[in-house]
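Structure, as structure tokens:
Note that the chains are named A, B, C and D in the order they appear, and that numbering of residues resets to 1 at the start of each chain.
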Amino acid sequence: MPGNSIGHLFRLTTFGESHGAAIGGVVDGCPAGLKLDLDAVQRELDRRRPGSTSLGTARNEADKVEFLSGLMDGITLGTPIAFLLRNTDARSTDYDALKDVYRPGHADMTWEEKYGIRDHRGGGRSSARETAARVVGGAIARQLLAQEGVQVQAYVEQVGSERVDRPYTDLDLASVWNNDVRTADPEAVARMTALIEQVRAEGDSIGGVIACVVRDVPVGLGEPVFDRLEADLAKAMLSINATKGFQIGNGFAAAALRGSQNNDPFILGWRRRPGPGMIGARVEEGAIRTATNNGGGTLGGISNGEDIRFSVAFKPPATIAKAQHTVDRSGSAVVIEAQGRHDPCVVPRAVPIVEAMTCLVLADHLLRNRTVRARNFAPQQH
Amino acid sequence: MPGNSIGHLFRLTTFGESHGAAIGGVVDGCPAGLKLDLDAVQRELDRRRPGSTSLGTARNEADKVEFLSGLMDGITLGTPIAFLLRNTDARSTDYDALKDVYRPGHADMTWEEKYGIRDHRGGGRSSARETAARVVGGAIARQLLAQEGVQVQAYVEQVGSERVDRPYTDLDLASVWNNDVRTADPEAVARMTALIEQVRAEGDSIGGVIACVVRDVPVGLGEPVFDRLEADLAKAMLSINATKGFQIGNGFAAAALRGSQNNDPFILGWRRRPGPGMIGARVEEGAIRTATNNGGGTLGGISNGEDIRFSVAFKPPATIAKAQHTVDRSGSAVVIEAQGRHDPCVVPRAVPIVEAMTCLVLADHLLRNRTVRARNFAPQQH
Amino acid sequence: MPGNSIGHLFRLTTFGESHGAAIGGVVDGCPAGLKLDLDAVQRELDRRRPGSTSLGTARNEADKVEFLSGLMDGITLGTPIAFLLRNTDARSTDYDALKDVYRPGHADMTWEEKYGIRDHRGGGRSSARETAARVVGGAIARQLLAQEGVQVQAYVEQVGSERVDRPYTDLDLASVWNNDVRTADPEAVARMTALIEQVRAEGDSIGGVIACVVRDVPVGLGEPVFDRLEADLAKAMLSINATKGFQIGNGFAAAALRGSQNNDPFILGWRRRPGPGMIGARVEEGAIRTATNNGGGTLGGISNGEDIRFSVAFKPPATIAKAQHTVDRSGSAVVIEAQGRHDPCVVPRAVPIVEAMTCLVLADHLLRNRTVRARNFAPQQH
Amino acid sequence: MPGNSIGHLFRLTTFGESHGAAIGGVVDGCPAGLKLDLDAVQRELDRRRPGSTSLGTARNEADKVEFLSGLMDGITLGTPIAFLLRNTDARSTDYDALKDVYRPGHADMTWEEKYGIRDHRGGGRSSARETAARVVGGAIARQLLAQEGVQVQAYVEQVGSERVDRPYTDLDLASVWNNDVRTADPEAVARMTALIEQVRAEGDSIGGVIACVVRDVPVGLGEPVFDRLEADLAKAMLSINATKGFQIGNGFAAAALRGSQNNDPFILGWRRRPGPGMIGARVEEGAIRTATNNGGGTLGGISNGEDIRFSVAFKPPATIAKAQHTVDRSGSAVVIEAQGRHDPCVVPRAVPIVEAMTCLVLADHLLRNRTVRARNFAPQQH
């Protein structure tokens, strides 16, 4: 069972090695009749691009996406949407020295042990370059979600020991794209930037945490029992390179709480709902809401209409300029030292990837949720 | 796309409502020729049973599993293994009062909004009773894994503010079944027990964390890019009722580390490997190992042969004896107060569930890994 | 990838060996809120039962289906519907003589070569008894389809050299259940019955063909390119024991025709459409119809609203009373001669199975078709 | 559930519209370490190309396949193999007249009714041009099968009323590529050619039948109960444009036979088996064979090692030069008459497509069959 696809009804398959001819993907299951803003797709891709922030690597990929199918006059046909990004800045000879060495913290050894062969150039398919295809797929998913009024925004919550101290409800999430750290707290920008620059100067790297918030989610997304919404989100996040953890709502902090503290009481309130043909337009009164949101937007694996909020831990990038002990393919101990410039911290560039994976999961569940009721079967109440 | 199955090649489908005729499941894809120890399956089930620890609820289900198919003389036929557990202690009228009320922290509201109907008796299918079927499926998976020498053991790492302070390598994990808290640290048993009893006396509940360790894992399990081993583990864990977080290796702590601290240097060492027809028998010299295990047993989504170690956060059970504000189906504010006895803390009984889900994920990847190389294609080196 | 499930959104998984504890299945994905007529399910099962026609075997299975989950007060919950049929008349010792012999035309040899083990009692899982679970799943699917007005009816079109000579449009398909041959042509009943009785008297068996007609199918079912409606129907039919061929519309006869003969001209006409909450109630004028139906109800893999008509070839049952040469497990040539009474012709009892598989395929595509258009995207015309 | 993928472990996804930027596909699950002969892939593609036979259309597509990923030095990496074919001869304006008309026998109406939109240029995605991507995928599958010694060869068995009268065992199947009709019977070439030319001159079209033979198939391929080998072959064949029927072994003729005629007696004989690293090299004595092959190579859905033989019916191409009555999108009756040159008979060019789909199904089952036995579980006998 190959593992290069995600989603059941809205399904992305990606392909490509870092230094092969191209990377790309196929979105299968995007409904027909969606007017796609292709410039918006490219803009999301630009945010992930090396060089998009001053805090990333200097690898320069134009990363212009080419669409091959599935569209006519910018409208989806209901057929597979294939796309590719040519690999133009692939200086593969840079990697000759790494052909026979297993870099600590990288996938070199495990891929080779699994497949008996690996493309060592730029990490081959284990390179984070593959995530560019996810961003394209996620950008399409986002436009499908926008029809329902759903909004997805992630931001950097932590870089090393530097954290955002305020709850997301006190932040202007749209400000993320105004700073190179991709955080939503103006107060944290300088602290985080300074730490990343310091780590870079030391030839080292640093980890971080990205938080993600989804607003105006329809009630009912998520398929119990195994495909709970948070389960599919957890999988999607842990499928991103360098991630080490996922938590939703109070997450690990909930382990230290009592039920009387952690339960979210139900109350009656209002909720925004997209009207026919419009977005975010109608206010539904008498909706069942929760007074608090310790749960993070799901109950029993199904969205409850509150903001979905979760966070994702990233390890420090494995590539560092410092000397490291390791082993080569002949079974000898060697010392390696990375040349060139690399990302000292992955989280600024990973923000669009977290968003993309979130959009993919939600779009899939949006479609799945269309099939759960028999024709003309109305809810029992209100 | 119904969400009641997990796994691709080793696939478990579960069914059943808490107060219906039965719960059960079908394991499809279990290879032929496996001699199943059915008593061992029942023993695992007994560990999850209400009443298995003094710290759980008083609901009394004998929970004897009946196998319906897939076996002849205790040997798997390669056909679906179906099984069921009758619901014998289902006092459904106890739940009449809850028919029209949405309990805070429960799935009542979201299930009803999604499906337009719900079985309110004992939580219906959202009840944790469903996990009994997972334990059966996981117990079968465990016996398949045992052929490769793989060992899975979980333990309670935290109850509320009470934690195990020592690394798992200093613990006797097999001691878990000797105490009712299901922890591996004898020193922590009293502290955790006291806290749970105190919380119970207050009519409240408390959260916790379960750690899981997998030993002697073959190198090569996990399918990049989306079906990384840690991604599928994360999904499996977040599909368990009441879970709020997952982390592998250093997890969220890795976010605060530098690459020079977090990278695991490769070294040459030895590794246990199962020999032909035997288990855990052969020692492989000159294996590529890591000096530390900050990564938690995977690199690039593929097992590297080190111990897989991860942990899972559980929220405090939503059912508490204290009065809570909520809303009923007619849209009126009401106050509810749970009657009877309930689990004040879910983690002791969730230990076998975490193990079962781990076994299911690993067994699936074990089979998937059989198809990744062309006939007669040998690894490139050592 | 285990092969015991069919369907993506409406999915049936079956389990069970002929002489194990039970056979049964799980329907996952049946939408919530469907009022199931369980007696109607049992009636369909009764039509497949050994003994249901005077022309079948004498094995006597009561075959009362027991539902285990997924229903409350007869209404589907949107959760898995599990069911089982106990094996009560399993005289396994009858089969001891066959333990080491490979019966010609049976799956004994291939199953054993594949799995290294087989349950020889009554054919184990390769027994047609497994199809009882399909009939239950199909009966549920049929009730979902009935909400859209879809009607599925099969009939015996050929037994050996005896054929129904008239087109189905000249037949009263509902008359199928009035005769033991299960044909819709009263004129053919006697001819077919006589042939079957003659073959039985000779200790031999005979093949046949079943035709199936689906009326009032919504336009739009079928997912190009691989999951065309006729492709999924073909697979479903060839998955039935003893089937050797499938053809739709003019089928193999189309190979001898010219385009000017075989094309179905489009015309404007009317079509029945189910109204809100009613069945088969509304007449749509100005619908695009075809003047003829050589295609058999699909174009480009998608239903066009005309009657779907196809037929399925069955080989003569492999079990005959005549002496046959074969081989045993030790590699010796032996002669076998079947004892007891067996079906001389399988098609009468296979009619409900063909219908069940048809219903399963259509129900799956009915749900799949709910997700192909973006919100509020209306067709371009009329 | 989008329908643009086929296979579970060896999976092909195709994309592309006839007049879009490109068509192509992604093969996911091809094992690592397979040395691919890319020229051989192109050669198979050339056989399907318009212009490859004198009996096809004059549309001129160079159809050079470009590989984008999954290979290093011509060896598969175990990662997705993506490829594309640019659409270079797409004169879309030729199709303006067809924008608002539903051609009889084409998918225009059903696609538009289903999706609410269609790409009318050259049939969009319903064009047989999509099958070029299948041929590429099938060519890769064929090279995987070659490692096991499996050989797949199809040929034209019937064009209109002209048939090959001899059994395939009397034919030199390799001679198929020596004539433009793609038949294996030299005696039939002239008859079939004359008929096609005559039909072409009349502005009409004609149907046909393709037979396919698979030799040296390993015993054990096919997953009961729903994914029987013949079921998956039937689906694959009926997923090809213009197909109307499938039969295996004696097929529909078996319906008229008795069991004593149709059963294949088991005998002891020999069988070719690929040795370690070699192909078709070893002869296995004492193998269980059948004296006849009425079944067509499977028993109970599993290959029995005999030649797999089946045939596929194709309708006459829908596009003809004669005037036809139809309807346009505004709901008016119109008369259309196709301009330009079209395939008068599809079967010569469909031979490589039938082979490709056969290879895809077999490769998938080859990999699936690797997971059916527990470690070290040996067959019970010989």
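Criterion: a contact is a pair of C-beta atoms (placed from the backbone, for glycine too) under 8 Å apart; a residue touches a chain by one contact, two chains touch by 3 or more.
These numbers were taken from a predicted model, which means no experiment stands behind them.
> Which chains does chain C share as contact partners with chain D?
A, B
> Please state whether B-C or B-D has more C-beta contact pairs across its interface.
Pair with more contacting C-beta pairs, B-C versus B-D: B-C.
> On a C-alpha centroid basis, what's the spacing between chain B and chain D, in Å?
One centre to the other, that is 44 Å.
> Let me have the rounded angstrom distance from the C-alpha centre of chain A over to the C-alpha centre of chain B, please.
That gives a centre separation of 26 Å.
> Mind checking the centre-to-centre distance between chain B and chain C? Centres are C-alpha means, answer in whole Å.
Each chain's C-alpha centroid was found; their separation is 39 Å.
> Find every residue in chain D that makes contact with two or more other chains and list them.
1-2, 4-5, 8-9, 14, 29, 32-33, 78-79, 114-117, 125, 224, 368, 371-373, 377, in rising order.
> For a test of understanding, state which residues of chain A touch chain D in their complex under the given definition.
By the definition above, chain A touches chain D via 1-2, 4-5, 8-9, 11, 13-17, 20-24, 26, 28-29, 32-33, 66-72, 75, 77-82, 84, 114-119, 124-125.
> Which bits of chain B are touching chain A when the two form their complex?
1-6, 8-9, 14, 102, 104-107, 109-117, 125-126, 130, 158, 160-161, 199, 204-209, 219-220, 222-228, 230-239, 241, 243-252, 254-268, 286, 288, 290-291, 294-296, 298-304, 313-320, 322, 324-327, 329-331, 333, 368-369, 371-373, 377-382
> What residues of chain D sit close enough to touch chain B in their complex?
Within the complex, chain D touches chain B at residues 1, 8-9, 29, 31-34, 76, 78-79, 144, 147-148, 224, 276-277, 367-368, 370-377.
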